[in-house]
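First up is the structure itself, then whatever we jot down about it.
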Amino acid sequence: MTITRSEELTITTKELLMCLHKMAEVLEANREYLTSLDAAIGDADHGINMDRGFKAVLAKLPSVEDKDAGTILKTVGVALVSTVGGAGGPLYGTAFMQAGMAVAGKYELEPQDVLAALDAALKGVVMRGKADLGDKTMVDALTPAVNALRRALENGSGLTEALEQAAAAAEQGMKDTIPMLAKKGRASYLGERSIGHQDPGATSSYLLIRVMADVARELQTQQEP
Amino acid sequence: MTITRSEELTITTKELLMCLHKMAEVLEANREYLTSLDAAIGDADHGINMDRGFKAVLAKLPSVEDKDAGTILKTVGVALVSTVGGAGGPLYGTAFMQAGMAVAGKYELEPQDVLAALDAALKGVVMRGKADLGDKTMVDALTPAVNALRRALENGSGLTEALEQAAAAAEQGMKDTIPMLAKKGRASYLGERSIGHQDPGATSSYLLIRVMADVARELQTQQEP
Amino acid sequence: MKKLINHPANVVKEELEGIALAYPGLVKVHFEPNFIYRADAPIPGKVAVISGGGSGHEPMHGGFVGVGMLDAACPGEVFTSPTPDQMLEAAKMVHGGAGVLYIVKNYTGDVMNFEMAADMARAEGIRVLNILIDDDVAVKDSLYTAGRRGTGTTVLAEKICGAAAERGYDLKRVADLCRRVNINGRSMGMALTPCTVPMAGKPTFELAEDEMEVGIGIHGEPGRERMKLKTADEITEMLALAIIEDPPYRRTVREWDEEKAEWVEVELEDPPFRPGDPVLAFVNSMGGTPDIELPIVYRKLHEICTKKGLKIVRNLIGRYITSLEMQGVSITLLRMDDEMIDLWDAPVKTPGLRWGM
Amino acid sequence: MKKLINHPANVVKEELEGIALAYPGLVKVHFEPNFIYRADAPIPGKVAVISGGGSGHEPMHGGFVGVGMLDAACPGEVFTSPTPDQMLEAAKMVHGGAGVLYIVKNYTGDVMNFEMAADMARAEGIRVLNILIDDDVAVKDSLYTAGRRGTGTTVLAEKICGAAAERGYDLKRVADLCRRVNINGRSMGMALTPCTVPMAGKPTFELAEDEMEVGIGIHGEPGRERMKLKTADEITEMLALAIIEDPPYRRTVREWDEEKAEWVEVELEDPPFRPGDPVLAFVNSMGGTPDIELPIVYRKLHEICTKKGLKIVRNLIGRYITSLEMQGVSITLLRMDDEMIDLWDAPVKTPGLRWGM
């Protein structure tokens, strides 16, 4: 490990809260887009569900704004579980709850914490949904993202750069779902007809990681004179 | 009366049967047309009903082909009553039954018999439906037709010419229903919105009288060397 | 046209064949002429209640044949009144010697056909009375129209009169009750979409994405007025207020006078609703409106009734008198009295309405 | 989009408000989290039967809450599985000390949410078993899919298990019965038209005037195959044969093992239909298909069953598990045994299904 601590960007809970607000904004902006992806191979609700869920998250955040990152993330997870419904609710809910467990008690997240949180999130999704890579689900965006983040940090990149690579990997993973035949979730019922469409859950996963990379870059820019 | 009996066209029961077949043909050909008129201010079934009724009539005719005109017409009326349904069924059914009563026992219809039959038909429609002139119903086509027929015969016209005038009057009466506000039948529920549409029942009445005129002309042509 | 049918001309016939197979212990079907009748008819000494009308309004009327409701129903072609021979043969099949009540919706065709049928049945020695249902407040006057159409109140009259006949009421009493139900019931409907008569093959009218028809009947005909689409609350308010604030409605109808042995003109008046009236509130889907939307309408109707002082003592929510796949809703309010409530609650067992047995 | 609603986001909430006003003696409604429950719950000593799923399938599930069927139903947003807190709070409200059966349709979302809810309820000391319904033969394998979807058999399982619970069966017996109903029931559906989720505002798919979707689920999703429109007889035959000739279907499902106190994989096999089998034949409208068309389908289904040696001992024809205003039909055949027939016939009183009381 060659990471120079002093150069590193860390994420405070305030910044984490900002990041969650951005996520809500981006999901709202992409509501129709995600829903139309879901209309093609699912039931036309993914964007609506995620938007509803993150609106509920926003309503919950004030009550935990002074709490540690773990509590904040677990609160997000619980809010998602109890408002999103569908497959997205338990999956993203579990993801955020597991991420919260991974950083319990912390008020500042260092790059390794971010990796641990994301890794826990992915493991949570897999534990809950039992999807394999290539099944055409959010796992196909999250897995390459976590791998890229880990590799970049191991190779000495800063958090901003590492998250940028994670987002790029997620985007590629998302696009890679297009030719896949769905084997999990609602899209699997379409059989061959699922081929040629981008998975909505992989898309929302990419969007969330994209937000993390963007927020990191913004913070970095603010910190640099 | 200046009618010269020898010049006159009479209608045999065979010719009456031919006329009824023509009516069935014309109603079949105008099924969509009548139905679309009924769609505008009624319930989109008039053409369908009349076509179904006259198909049933055709099925019944063989059993009475040796009978007198009265029996034939009454049979037509009964067949219409029991297959047309709606307003058209009792109205046209009564019309044919009354026409049959007016020529009971006859095997050849002279012009006065045709007038008597049509007049009875109109009276039957009015008795059953209680519509006044101007209510936007078949009465608005039948009344001028009967009047024109009577006037032409009184003025010495032959049956062919008189029926031609009756058909022309029926056509005018049918067109005159367009600006009328319906006060009877289903179209009356539309209030002002019934204005501007031609009444389907007046249209089918015109078509039937048109057939009578056409058949008369055809017979006349055949009889002239 | 997209329909689960084989050939447009066979829709009614095949529907009846299916009904015969589906409810063998409950109803039987007679073909040519077509009618559906109680499997246990005739019931000696019981007044037979018979109705009928065009098809396309399912479950009305065929779905209401059974114990505690109709003895027979005569289905015409889609949206076309049935013919007198159907009504006559149905009467002959189910009458138990205590007479027949024909419940007739006020449409020119239905009225004329049922009058002919009644005359024919009487000629064969069967006592028959015809009672008209004319409850549609969308039709304002009876001078310049064929009078108010028969709509939602028909279902309620069939249930209440069917229960009365089952209890042994005599013909006159069942007929009087039916008239009472009719003058105490008012309805109004609206459509979001048209419907397609199978034989016609195309929609009965066209509506833009932001338009609706208000004051429709039940035959896919356009309504009194076309207007911009409104919210469920606004639509409910429009229909409910038209019903609740409808002034007394006076008209003459033709009924058979048994003493004079002739058709006579009877003058009837519908008394308006007043605060304190106990009512049955009936929210009816026109056929294609999904069940999720009906409670939304009921919710607002309940609020309006409460505000107007009407007490909802019973309700009925669902598809009961429809126009094929038309989307839309109709509301019926029926002023109830204790006898009507009691008869409403009586057991009924039909394919379309069932409780208590 | 034409709907009788006020705002797309309020559809479910206002529907529930309407239901609460409409059936006060029969059901109550809890808001936030949303669930509908029996007005007389909890019933001490009685197993509580709870189901739930996305809204838009009315009358399922909320319309099946009442005596002899469900103790509670948890409605999600339209076509979206409800959340664990709804299921947990419903269980806490209605359980009478004899445990809770969650009847879960096999959709990834429903399964995960109900599993989380069961874990949470057990953590609060309530005995809970989850039984999956996976009866849709349009899904051929379970290796390359999330397994067969839960469709028409759900309605039948809710009725039969509800009757069993009402009779005092213990939790294990009700769960075993539910599993038995599931492995003996098979369904398949088709759509003539799509439907529009209120929040989405436009149809879930597009179909040409001469096309249909075959092998659909109940969420407006496209089916397995798009094909040219066929006649009712051809469609019925296609669905019925897919069901009747379906080979044994084997898969593993997750159930809670009370002895091991953990989720275990259970292997299940649906035995195929055989000549002589007594069946319940269920013809279900997808919502927008008018009632006149259902007997036409039933007629052909009856013919095919007879030809195949299946004896229809009970039937159910109407709208019970729908996809909003979608036009189309699904067929379910359930192999019955005497116990199931007896429980099917038992009295039931819910807004959506009622007889015997």
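First chain written, first letter: the chains are A, B, C and D, and each begins at residue 1.
As a convention for this text, a residue touches a chain if its C-beta (ideal position, glycine included) is under 8 Å from a C-beta of that chain, and two chains touch if they have at least 3 such contacts.
Just so it is clear, the structure is predicted and the values come from calculations on it, not from any experiment.
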item: Required minimum of steps from chain A to chain C, each step between chains that touch; value: 2
item: Most distant chain from chain D by Cα centroid; value: B
item: Computed distance of Cα centres, chain D from chain A, in Å; value: 33
item: Centroid distance [mean C-alpha coordinates] between chain B and chain A, Å; value: 78
item: Mean-CA-position distance for chain D and chain B (Å); value: 57
item: Interface hub residues of chain A, defined as touching at least two other chains; value: none
item: Shared-contact residues (touching 2 or more other chains) in chain D; value: 78
item: Chain contact graph, described as a line, ring, star, complete graph or other shape; value: line
item: Contacting chain pairs - touch in the sense defined above; value: A-D, B-C, C-D
item: Residues of chain A that touch chain D when the two form their complex; value: 35, 39, 41-45, 48-49, 52, 81-91, 128-129, 181, 183-186, 188-191, 193
item: Touching residues (chain side chain C, partner chain B) in the complex; value: 33, 54, 76-85, 107-109, 112-113, 116, 138-139, 144-146, 149, 197, 199-200, 204-205, 217, 219-222, 224
item: Complex interface listing, chain C residues touching chain D; value: 1-7, 11-12, 14-19, 21-22, 55-56, 58-59, 63, 78, 192-193, 209, 212, 229, 231-233, 235, 287-299, 302, 315, 317, 319, 322, 324-325, 327-329, 349, 351, 354-357
